[in-house]
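Both of the next two complexes hold chain A, though its partner changes from chain B to chain C.
After this line comes the complex of A and B, so read on.
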């Protein structure tokens, strides 16, 4: 299996789809791992947090992901839809999860849903590439097992969307039965759909699901749950990340030039051992410079992956940090 | 950004625990509310100016104006000498009319000449199209959903309720001096106003905290109201449905009846109109829905939920808030009973059970105000009746097909087959795809019944 998996990783990394049979087995294996995870996964620092990163290959190519056993990352969901390589991207992420289960944490986004993927593109892509809806169905079954959030050192809470008027405490999230399609309302839906906004209290979201919540709500939640920061994604941040409400909440957006037209930059958030925050901003997929050491060694191409919807996170070496990151 | 009203604690719970009893407004309280409503002049709710357009402008240009100015409705000026009362406007023009026109253009080749008797306007439109140009005044209120309604300068909120609870979407308010108009009030202004009013009247707020299921809403239950098309049917099927049934939005459902999304006349205006050929008419609706949704969030990352819905236990307050937040005219009602079960994974969409619209909500308030003649479904029924008479094969099959629409009992199938058989003499395969008989659909001035390809 390990050599098969490495082969699949390499293939997916080159944006080549793997066989339907391979997909089936990969999805089953991923589910076996995910089913053991908590609704709110406990993660230790240091860790990199990424939201909606479409430059998976770039990020992978610039860092020695395979080599650094201490590397860990949390991925904020919205792995699919929009873009041309959702299938390869998501499967690559699953393959990496199976390969390095302790180092990657995947959090469910609002797009990891049957209803959304039927409308926003993933379903169509699966049909096109595999000629049937099997792959889509198996992926949706994996979605159902994804965690709803993560907590780093008990102090940084990661979720895809935001808060819910029905959830005052993180413990209440643990009580949700998450293994289902994303409901169209209720606390599980809110976690994946809500947005922070400049209002007081709660408001209904113009998205048609989830809520808008203001600074007061955010600070009360942070205080009651003894957390310093809520890290989330779900909304475009033109500068790659956006801190709000006296830095109690941050939107981390990792897809540069979203949909080829937004002209935004992207970022990932690095938390060190002391939960110090460093936002690494990148404007576009830089061309690849180095090859990865053993194993595996991936062939490196200029990334075409850019607009696919999957995320990986990586810590670059010191040398590459200077080359592509901006210190904030 | 202006500060928004905070939802008070009592109303943040979107579910109500009241048992299923018919909730009426207590009389003394109701009198108090109506008195307050009668104090507020309608003109304070004006939310858009009256934008006029010359009666002889082409339909194409008129639609272009709707799209480029991003407005819902234009006022068509009266042609000189045509209006004895001196009223400045002939009528209104909106996306429902656009849809009615496009549907007519796409299906006119099937209209047998006997159908045109007694429908002089359709004949005029077809004649104008043949001559190469259709002026907008012929298409004004073609949908029969967009009549020109006017209220005097001193009209109040109560007068607005009277108009909107009959199903119109907008009303012109006259100025105090000249025969001009101060502006237009659109129906979405009222739920907004009533929500604010509830912040100053605790008894009204309490009334709004009733669940939808306990209120007398005509369209909550499927067999009364939900017009839907299957995801596999075509865009033209959707257009015909909206035109013939007199609705501005229809549900799109999966084979098994689950709610996928919705299509509205403004989607038709925005996506079908700019097309250069008729390919889009045959596109399956699940693909069209993807086209509709694609721009959502592509410039700001704010993806939207594919369909806006509430459940029977949602409160009226929550429903009004959602109508406002999503800028919709109606929400689908889905039965979420399955969601509370933890024994099996429920579907995300739940079961579609009905619809609640702005008009339905305002009719409740109109009843409280003791307004006479409240009938939110009247315009819809009128439209259905007139469109049924224009279909050669419809006779009684339209109404029977529609009223028996439900899920899982097999009548969904009978409904679609009855629609399939309606007036589809030249349609192949019963899937609504127009036959390739050379009569291609062409927009506006290129609508030309006599031309063959």
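After this line comes the complex of A and C, so read on.
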């Protein structure tokens, strides 16, 4: 298995998919490792924290992982969807996890879900590359075993989304039964979906579902759990990272040139032995290799309706009657 | 076989983030840049009344048309587009929506069998989080002309946008795609305002389209089309606004997704 795994890592690093049989074995092996992990994995510094995995190669080569063989990496979730190489990216992460289980910590993001991956591209990519939904199903089963958070030296708490009104302490997170599809609501959902906001206390998202939490909530959580910093991802930061609330919380965004057109930079957070923070900023990854075959054309976003499809639709809103009768 | 259309004299200027075509009496510039940075976003947020800005706000993108003889200037820009987004409580007729699972989510926290107490929540700034706007460009303040839009005359064939001309395979002298903003609605869909322009040998054609998909709830497309025929004398610009909205399930029926 070790030499097989190294071969798979080499292949995935070059953005080449591995065989379906290899995927099946890899997923089984990954689950065996992940099932032993806690909801909040305990990690020792020094460690690199990364916020979005679609440019894994750049992340791995930029961070400590490349330079020192004893260093570790925490990845914040959203490993799949929206890019062209979700399959290779996630399988590379799994292969690295199996190869170096103590050095890589994977945290679940809201995209590691059956529902979301059917809308935002991962399911379609698996179908296209493997001709069936098997790989997608096996990966979703792995998602269910991913940890919900990590804690570095007891002082830096890593989670994908944010806090939950039903979880005052990190110990309460440990009590959750995480081995399930991401629920639509509840504390596990909040950890993967909530956002910091410029309010005081808890707020309800204007979308009708989901919480927002303010500086006071963040600082109380930090104080009660004796932590210095909450590192999360989930939201785009033009400069690669965004510190808020007197630096008690940071959004780490590791996908440069998001959706191939934002032109943003990305960052990873390096925590040294003393938990000193260094944000390494990087721009978009160059092509993996020039002979890479063009991916078959498909929309970056899930399929949009076309006007032809829409022509039969109801034109029936009051807004339309009021506003669209002008033909200037 | 259609006769070849003569291509009028025109010049093209290009820099990394800006392209200009000068043709006849017109000068048209398209600017495409990366998304706005934190400082620019703060300023823009203040300018549009404080609503949270879309995740991908292209504050430095825009399209400008200048008619040199009259000094009339028309443009498309992110700030004006965002000013068209409803700021405040959405009332009946404003097209406000919630995500598909909003009711279930709230019920799980407030229903009689709820095991998850709802925290006390503070009011958060109400606004249209779908960023729906019917913005279709605006006359620039630097315009030295006071030309006004007037309602089209339904009996005047020159007051329509000629699809026949626009579907002809004439050479495209200038094309630009200018996103003004995009938002992923927190992984609940997609909201997207995109302006596209093509300059042909005989005309200018612009489509500014706002597209919205709220997963399992609805779709919206709001369009503004602008057409200017170089041959029109005096120069005439036709602007048409239209749109539609449909429930998600209705559109899904049209293009069946295989069951999983």
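The criterion applied here is as follows: the second predicted complex is superposed on the first by the 271 of 328 C-alpha atoms of A that agree within 3 Å, B and C clash if a C-alpha of one lies under 4 Å from a C-alpha of the other, contacts with A are read in each partner's own complex, and residues count from 1 in each chain.
Basically, contacts are C-beta pairs under 8 Å (C-beta built on N, C-alpha and C of every residue); 3 or more make two chains touch, one makes a residue touch a chain.
These figures come from a predicted structure and were not determined experimentally.
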item	value
Chain B versus chain C as contact partner of A:124, first or second or both or neither	first
Touched partner set for A:177, first chain B, second chain C, both or neither	first
Touch count on chain A, higher of chain B and chain C	C
Which superposed partner A:187 touches (first chain B, second chain C, both, neither)	second
Touched partner set for A:138, first chain B, second chain C, both or neither	neither
Which of chain B and chain C A:205 touches, first, second, both or neither	both
Partner chain(s) touched by A:279 [first = chain B, second = chain C, both, neither]	neither
Touching partner for A:165 - first (chain B), second (chain C), both, neither	both
Which superposed partner A:253 touches (first chain B, second chain C, both, neither)	first
First (chain B), second (chain C), both or neither touched by A:90	neither
Set of chain A residues, in rising order, touched by both chain B and chain C	110-111, 116, 118-120, 165, 184-186, 193, 195, 199-209, 235-236, 258-259, 261-262
Complex contact set, residues of chain C against chain A	33-38, 41, 55-56, 92-95, 98-99, 101-106, 108-109, 116-127, 129, 134, 149-152, 154, 159, 179, 182, 185-188, 190, 211, 213, 215, 219, 221, 238-247, 250-251, 254-255, 260
Touch list for chain A against partner chain C, complex	110-111, 116, 118-120, 123, 133, 165-166, 184-187, 193, 195, 197, 199-212, 214, 235-236, 238-239, 242, 258-259, 261-264, 301-305, 307, 309-310, 312-320, 322-324, 326-328
Complex interface listing, chain B residues touching chain A	1, 3-4, 6-7, 12, 14, 260-261, 286-287, 289-290, 293-294, 298-309, 311, 318, 321-322, 324-327, 334, 336, 339, 342, 345-350
List of chain A residues in touch with chain B within their complex	52, 82, 110-111, 113-116, 118-121, 124, 144, 165, 177, 179-186, 193, 195, 198-209, 234-236, 253, 258-259, 261-262
